[in-house]
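There are structures below to look over.
The two complexes that follow have chain A in common; it is paired with chain B in the first and with chain C in the second.
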Partner chain A sequence: MTGALFLGWRYLAHHRIKTSILVAATALMLFLPAGTRLLVEDGAAALRARADATPLILGAAGSELELVLNTLYFHAESPRTLRHAALEKARATGLATLIPIDARFRAQGAPIVGTSLEYFEYRNLTLGSGRQMGLLGECVIGANVAASGGLGPGDSLISSPETVFDIAGIYPLKMKIAGVLARTGTADDAAVFVDVRTSWIIQGLGHGHTDLAKPGAQSAILDRREDMITANAALAQFSEITPDNVTGFHFHGASGAFPLTGVIALPPDQKAAALLRGRYQNSDSGLQLIVPKTVLSELLDTVFTVQNYVILGLVMLSLATLAVISLVFLLSQQLRTGEFRTLSRIGASRSYIALLITSEIGFVFLISVALATALTLITRHFSMQLMRAFLSI
Partner chain B sequence: MTVRKQAQEIVRLLIICPLLFQMSCDSFENERETGSGNPSAPDRSVVVTSNYPLYFLSRQIVQGVDAAPDIVLPDIEGDPVHWVPSTDQIQRLQTADLIILNGASAEPWLNWISLTQRKIVNTTAALSDRLITQDQSVRHQHGPTGDHSHNPTAFTTWLDPTLLTQQARAIEHALTALTPEHATQYRRNMSALAQSLAGLDQELSKVFAQLNDRPVLFSHPVYQYLQRRYKINGESVHWEPETEPSTTAWIDLQDKLVRHPATIMIWEEEPLPATRKRLHDKGIATVAFHTVSNRPPEGDFLSAMRLNTQALGATLEMSAAE
Partner chain C sequence: MIEVSGLEFHYQTPVADGAAAFGLHVESFNVPAGANAALVGPSGSGKTTLLGLIAGTLRPTSGRINVNDQVVTALSERELGRYRILNVGQVFQTFELLNYLSVIENVMLPWFIAGVGQQLDMRTRAMELLRDVGLQSRAKSPPEELSQGEQQRVAVCRAMLNRPAILLADEPTGNLDQQNKQNVVDLLQAQARAFGSTLLMVTHDESLLSRFDHVHDIHSIAASPTSRAGQ
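This part shows the complex of A and B:
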């Protein structure tokens, strides 16, 4: 019996290319349906976890999904905005802790997220190195941003224009990195966090320049009247906020009119959540208060429906592959008739030859199963990274 | 003991004594920064105040309370309204359990640093209808549109003891919310503090009543609440005590005196002797009335305000005698 197994193994080893193709086809046939299901389920679990931890999101009326993706994953290209006054109004109800999110700009490809310190407490984000952002213009960066850019506390990042066509739109702001967040395995690892007022400065709503009332600013003055100084184009604006020039930074207009892309609302209990939601139902204020869990569930239901069709297709494909593999083995037996006759003449029984053929098929399937298992384990290990790479979450 | 051993002992003492002295100095510095006579226990809450009057009020409210929050006044050089917190100070503010602010534009640094909103207590939040808005700043614009001005509220609310009492009540509420187990003691201390502030209000009323609507000049526009509370017939200039006023400033003063014939000028600090003499030559007596926005060199807020009252009273008597 061991002789038949040995001969079967040697046959496969001798015909390496044929064996490799058979093993690869069989392994993929086994792996693809399982791997697809695994990827979708793990991705869905990750999406759900972040959404479940976010009770409510306040945002501008429009696409609910875009609002959720941008607030949770800082994802949208040109998100709709609401006024900061809407946050103040919601805060005045006392029904929830409100966390602003302004995620529209990027630095070295990473989203710049303007928020408040409450965000870090709420997401349990701790510092891996450095300190929390303190002055305007400082940022803390996610672990992936630090690793990919080789950045650390004390280094700087420069904000990019909102779009490539927005060359004159915003001033690039040089932001000092105060700290690097510990890795969390979430979208926070890939973000640059700043104070929401810093994101307004990036947008150009606030700026810093020398005090026009001071004697040194004469060359930058176009016109001076008793109660009004008009600056000319020579007035240089600061491109970096430092302890020395921070007092020269100011905002134009009321902060209530400044934009946010979303507001995370954290009501203390279900009652407060219900009361708060009631205030925005059938509201014609141009705002919507949504439950991210519900929005994502609807998205995931669609994803799962599509996934079932994909898996059905893969099963059909697997059956076809199985048929082709069977054909390959059958044809192989026919080609090897002479070989089996020789074996019979030197004393091999029919059962011995049957065992030889079965061992060859068995070895191919055993190796394929081992390979498919290894691929599945690798997929499970890297599923989150793969999902983030594909979905940019 | 041999001579050699004695010499070794002396050398040892010479090394240890400066070290002990340095350690005692360090501990004193820490006391100054934290404002607490007791070493900070790690489990005690930390409350940071943004100026000296708030620090004084908070300390009065927690006085005598065991394991009360540690009240801290950051080490601020000069007037706290011009404070730009250092990185370490920002971190201290961020890790505090409570940040007690004056509000009324007294903390412009709030515009530049990131703090947790729920930790902030604005002691004048409920007094918005009693705050005085200034409209004296220069407007400016960048290019043809977008003119604006920085138009803060008058911030020295603590110069009106009735407002200060309201601020103290806001602090008491915040401290009670932070450490509710001490509520009874806080309330008792608050009652005593309210009485002290009422006494100060009476003293100030008495001394300012002597003015009897005589015109007064203020060296700087920081006495708005004092002026309103005690109905002082005053006008402000923008003079600094440590700087000699310019010729233009003297001409402006001369113009002002035509319609506002003041005989007393109230300063934040004693002016330069030359300035004082020149004002005296014009028949204007000078008196320092410290705003006590930062820690006084000695005593506390109440004693510093009493010194102000006495100095003003003496000047008024002298002025009347002349």
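This part shows the complex of A and C:
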């Protein structure tokens, strides 16, 4: 028996290209339906876990899905914004802890998330290195951002301008990295966190420049009246917030009118949640308070429906592949008639030759199963990332 | 010792007129133990068929074949396989080496099939055989890298691995030049002599006949062979 196994193995090793193709085809045949199912189920579970941990989201009336995807996963597609005053009003009810989210800008492709320190406590985010952001203009970055950019505490990150040719638009702000978060395997790993006021500065709602009242700033003055100085185009605006110029930064307008993309609401109990939801039902305030778990379930139901069709297609493809592989084996056996005749003339029985063929099929199948298992494990490892890439979140 | 008596063999496929095709009839044919004999005759005269019947790869319609007191014609299919691998060494005209095995693995092929004895012993023996034929240094080479003469020497080594009682060679020199023909006959006879094997070699090369103790003409031992009893 070991002789037949040896001959089978040597045959496969000698015809390594043919064997590799057979193994690859068989492994894919096994992996694709199972891998797709695992990928979707694991990815969906990971997505659900984040949604389950977020009781309520307050946002401007509009697409619920965009609001959930932006608030939970910092999706590039921003929902309509709500005013900061809406957060203050909700906070005044005392029914929930409220965490602002302003995720509209990006730095080196990573979303910049303007928020408050409560966010880190709520998501159990801990620092891997450095310290928490303390000053305006500082940021804390996720582990993936740090790894991909080779960044660490003390380095800087520049926000991306919204449009290159929009001279009236958003100017880049150089942000100092105060710390790097420990890896969590969630969307937080790929985000740049700043204080919400910093994100307003990126938008241009706040800015810093040289003090026109100082004697050295004469060349930047266009007009001076009793209580008002008008600057000309020579006025230099700060592109970085430092301890030296931080006092020169100021906001124009009422903070209540400043935008947020969403607000995470954390009621202490079911009763508070119900009361809070009641305040926004049939409201004509232009706001909506949604349960992200429900919204995400609707999205994932659609994904699962698509998944079932995809798996059905893959199973049919696998059956076709199996038929082709069987044909290849049969044709191969016909080509080996002379070899089998030689073995028989030397003394091999029919069962020995059958064992030889079976061992070859067995080896191909075993290697394929091992390869398919490895692919499945890799897929499971990256299921969350793959699912997020698939859903663009 | 090979003893054939009253042997009749018909091919199963009917000929055009519906009658069974007659293959071979041998009334009596003997090769003494330890002898080296040549079997001669033109193509299609039944030489290969007779070798196949003695080796047990073909079943006679009737008659008896006795090899070293073992009645080959009485063996079952399974016993025939065992008989071939333990008692019969065969060398074929086209060598029939397996291209996916190295030279030494080809020599060890009977062991891979029979599995009798220790692998290490068989490897040592295979290496000794290769050394005897001057191919020790090519043990790990693939057969296609060898010349035809070298490949035939490997085939002889394979046939001798199990120290067979009889060594059947079916035109082993058919594809070789004159020098290699002489070398292969030398090798077969030397190996047969070394292990006390009875050698029966089919050939229609008359230049080699003087090398054998016994020369049998198929026409003198077989009756009415037809073209169906081909090579």
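Heads up, the rule we're going with is that the second predicted complex is superposed on the first by the 366 of 393 C-alpha atoms of A that agree within 3 Å, B and C clash if a C-alpha of one lies under 4 Å from a C-alpha of the other, contacts with A are read in each partner's own complex, and residues count from 1 in each chain.
Just so it is clear, a residue touches a chain if its C-beta (ideal position, glycine included) is under 8 Å from a C-beta of that chain, and two chains touch if they have at least 3 such contacts.
Computed from a predicted structure; not experimentally measured.
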Contacts of A:Leu135 with chain B and chain C, given as first, second, both or neither: first
First, second, both or neither for A:Tyr11, with chain B first and chain C second: second
Touched partner set for A:Gly3, first chain B, second chain C, both or neither: second
Of chain B and chain C, the chain that contacts the larger number of chain A residues: B
Which superposed partner A:Gly347 touches (first chain B, second chain C, both, neither): second
First (chain B), second (chain C), both or neither touched by A:Phe249: first
Contacting residues of chain A [partner chain C, same complex]: 1-4, 6-7, 10-11, 13-15, 338-339, 342-350, 352
Complex interface listing, chain C residues touching chain A: 55, 57, 77-78, 81-86, 88, 90, 92, 96, 98-101, 105, 109-115, 158
Residues of chain B that touch chain A when the two form their complex: 84-87, 90-91, 94, 108, 111-118, 138-144, 146-148, 150
Complex contact set, residues of chain A against chain B: 97, 116-118, 121, 131-136, 138, 195, 197, 209, 212-213, 227-231, 233, 235, 241, 243, 246-247, 249-250, 252-253
